[in-house]
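Below is one structure; the comments refer to it alone.
When the chains are written out, they are named A, B, C, D, E and F in that same order, and each has its own residue count from 1.
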């Protein structure tokens, strides 16, 4: 198998497209967004079904990519996170078909 | 006034709101799924838009109407400035939080508007169909004022990373409530009373009942907002949630007299001005002022001002309008 | 009896249940989204509560009514003890599984209740509005008995890690079905027949149709539960799903005679006793007895007892009630 | 014809479709939650099925009816072959993409069918209840032809890893639309006109209105499909989305004359043949031909053929049918 | 980037709040909950849209935290998992802004 | 804690059952499926609420298992991915109760 980086970005739903554009323009070949249901941070809780404004909804964006590409994306993402709420983490994974990434 | 207040408080719609509020304050685990509530919201906006459009198809566009639109837009532009000033002087909110909150108070709450039309209908007071269109045009201008207020004095800042030109514009002018409200209004005007017959068993008859279900959910949201959010606000900010609608309604009353509106439309313009957005503006603020804290503006608009308007404000504004018109 | 059974089986509500059941047994991939079904469930409970409340607003509270409530609570407390005994003696279920299952049979299924009111209405038999309130009070007591049974003989156990005092209490007394049912009941009583006019196009006229849609989903759930769950149950446990409702209904019949209930209310009390919960109690059991296996209690309550009551139980209980009243 | 076209274009249902289309093309962020839209889709299919079934309960099964079913099945089997040939000769689509697309055009769109029945009703033209059953039998055969076309010339391929015998069969014959449509049809036939009274406030009266809401969502989906998908298609493929329904409708017209169908049923058979599936067949294709690109077949069926049929096709087919019948 | 631990707890929806309280009182500064749609374990399957009782619904809780804090949380979580159904795993990740955790 | 492998398979919703069967028959003792909301890949975007055909819906399947079992599953999964759209990655995690896997 082949070593890649897995980015996991927990971010506000409204900022999802911004993060997507950053990933895309950095050369990441794909990402998948998963909805969050609830969360806790800095003393506040939120829950999707309990706030009709949906203004605190978060999503989890997962992108698997080569290390070099990921590095390029991280710099821009860091700027995005200066403005938006969000938690970003990167980990090591192995994939089967390296040419897809 | 007391009669009106009682009629309001004992209407099923308000009672279901109170039920939701109590359940949330007692920490019930009940909730209405977001997807279902969002579907109901779209239904409500379609129904309101169609109703307004059908009414408009029957009455010609007059010069007076244009005046109302102009004043409404002016109110939506200027109310945030007052709100911002009040918050900055009295509360400890940051510039960004104050501006974001101000945007909510310049914009409108369509459910508050509907609740007011229901009260008018039950009191047999006429109001114009085009007030739905007035509501629609008051959605967005406040956001522009708020963005201006938030950026004042700052150096011209770079756009947020990843943002695209036009995305805020689209969010503000093409969000679900604007699209559905304006779209249904136009469709209503096109199909007129004849076309309405087929669809009224869905969009007219069950409307009140759907509103009950929706307000149950609003009560749950408001109660939860209050329970989690009030700690983040000082007394001055909480007070703002009550006195700001009164200021807005007063300005709208003055404007209505200048425009020569009758009791029904005057009440509705007061209600629109006094109401605060809790869906469209919060979404726009997450894009435009992401640093502003949602818990601040939502607690105020959904937790304090919405219940206040529903229970006290609407009957009060109607009473004032009747009194100003020399009525009863 | 045969007439009744046929009328029941050929009602659209039951036919849609059967459709769902067959689709699930044939492994169709169709499903009704959870968010939509949950929304319908809230609608149904609002409608039932309002109907009961409006009916209650027209009839005074009598001493007899208080007797019915007392007996209903007593039944909900005591039926789980019988259920538990039966399961422990005849089946191989563990103490915890038996107790959790018993809680379901002491509590009630509101859809079964509604199906019974429909049959009564179609047979022109009167029943009292306050029976909805009786249903509401029978939701919770069974859970207390079950927890007592599960803990008997054990040393006083520590609470589960992370649990909070009051969380079970809130789940049991403030879950969605209790909040909406009791809340709508009170609102119905407050608004009375006059207030009901506005909202009946939503809460009364389409009720039967919504019920069809909901029962389609129940059929799908029941069929899937059966298909996956029956392997986990031995014959004795499966039999319990049929004979336990008969025992409960018999006890309720005796109680009804003591209380002097008429045919309609007697049938409803039998139905409530015979029915088993499949939404509120399972949720409470996940909190209170997390070691109990959901597949056991759900297969029994949703997969066996619910269809049995809908297809056979309700007409049977009504026939017995008529016979006991000397009617035909 | 012009009158009909105008009546179609100004019906609320079509106007809401156009609203959704425009909103999507302007890149509005609005959306209708999937769970809600799926719930509405199930409602619509129940309502259509019940209506057809109730109508069938009143008219005996005739030999002529059997002929219609036979021809309809034959059309569903054979249209994909024509579609496949046309695509392979004119466009650059791969064999698999062409076959998958062909399956969509042999199958049907139930919403297009409903829109046509509405137009017939508003023009006071009779049509038969059993045409709903005809729609149901036309769902699946096309898929078989498409699979045959896709596999032609290939060596017998191994099944996809993890696939189970019967899974495709179940998806094709027991998907939600077949189960609900056929199930509701049978239930409608069982309960007949008497049983229908109870449920018509839910399944009949609000139907048009629900359809408006659903078509708003279809407009959004179609607009988005168009915006993202058209780049993947060359002119020949795009043209196919327009001329293929015309070919299919022509063949159906010929068949209708042979069968001696009257104007209403002829129109409906043309509409069914001309319409293309966008829910059931795409799902089946993901299982059966996973290599085919969804953006190809969806852009064509939902983005091009559906709007074409709604706005132009239906009134055109009706006009042709009237002309062929020597009517006006 | 800075090394942190990522906790992933697959647990019944009804036990979500209990797990949240444990994380919070152990000092974890935030977590996000993602809904599950379906699952398989010990020979049984569940699917959200197919069981109206929702009694087998699971959620996935994600928390990113410092190793020491995580260790404290794990002991209590283990007790919770004694009673409830659940799968817990911990992995290494890197984050950008360490002071948030 | 005990070392395990975490499989994350981003795959079309319609292929979920096929992947599940492969995992199960390879001996994986459990998996959990999380819905995706939106995604991007090979120049195309999809979003759940915006495509009523649902034909591009993806899900994320998570399975935690012993390395040997995972290896057996990977070979079959690779065949599945030859036909279906999907992204597969494997990473190292630690678990508390190794006998469950």
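Quick note on the criterion: contacts are C-beta pairs under 8 Å (C-beta built on N, C-alpha and C of every residue); 3 or more make two chains touch, one makes a residue touch a chain.
Remember, predicted model here, so these are calculated numbers, not experimental data.
Novice: Would you pick out the chains that touch chain A and also touch chain C?
Specialist: B, E
Novice: On the document's contact criterion, could you list the chains that touch chain D and likewise touch chain F?
Specialist: Correct list: empty, since no chain touches both.
Novice: Measuring between Cα centroids, what's the chain most distant from chain F?
Specialist: It is B.
Novice: Would you identify the chain whose Cα-based centre sits farthest away from the centre of chain C?
Specialist: Between chain C and the rest, the longest centre separation is with A.
Novice: Distance between chain D and chain E based on Cα centroids, please, to the nearest Å.
Specialist: About 45 Å, centre to centre.
Novice: Where the CA atoms of chain C average out and where those of chain F average out, how many Å apart are those spots?
Specialist: So the centroids are 39 Å from each other.
Novice: I'd like the Å distance between the centres of chain E and chain F, where a centre is the mean of that chain's Cα atoms.
Specialist: Roughly 18 Å, centre to centre.
Novice: Two or more other chains in contact with one residue: find those residues in chain B.
Specialist: Each of 31-37, 39, 205-206 in chain B touches at least two other chains.
Novice: Where in chain E do residues touch at least two different other chains?
Specialist: 20, 34-35, 77, 91-92
Novice: Between which chains does touch occur?
Specialist: Applying the touch criterion to every chain pair yields A-B, A-E, A-F, B-C, B-D, C-D, C-E, D-F, E-F.
Novice: List the residues on chain B that touch chain C in their complex, please.
Specialist: Going through chain B, the ones touching chain C are 10-12, 15-16, 19, 23, 26-37, 39-40, 205-210, 212-213, 216.
Novice: Can you list the chain A residues touching chain F in their complex?
Specialist: 1, 4, 6, 16, 20, 23-24, 29-35, 59, 62, 64, 91-97, 100
Novice: Write out the stretch or stretches of chain C touching chain B in their complex.
Specialist: 33-36, 38-39, 42-43, 46, 50, 170-171, 174-176, 179-180, 183-184, 187, 190-191, 195, 198-203, 205-206
Novice: Help me check something: in the complex, which residues belonging to chain B touch chain A?
Specialist: Its residues touching chain A are 24, 31-34, 37, 41, 160-164, 167, 217-218, 220-221, 224-225, 228, 278-279, 282-283, 285-287, 290-291, 294-295, 298, 302.
Novice: Mind listing the chain F positions that touch chain A in their complex?
Specialist: Per the touch definition, chain F meets chain A at residues 8, 10, 34-42, 58, 60, 74, 77-78, 81, 87-92.
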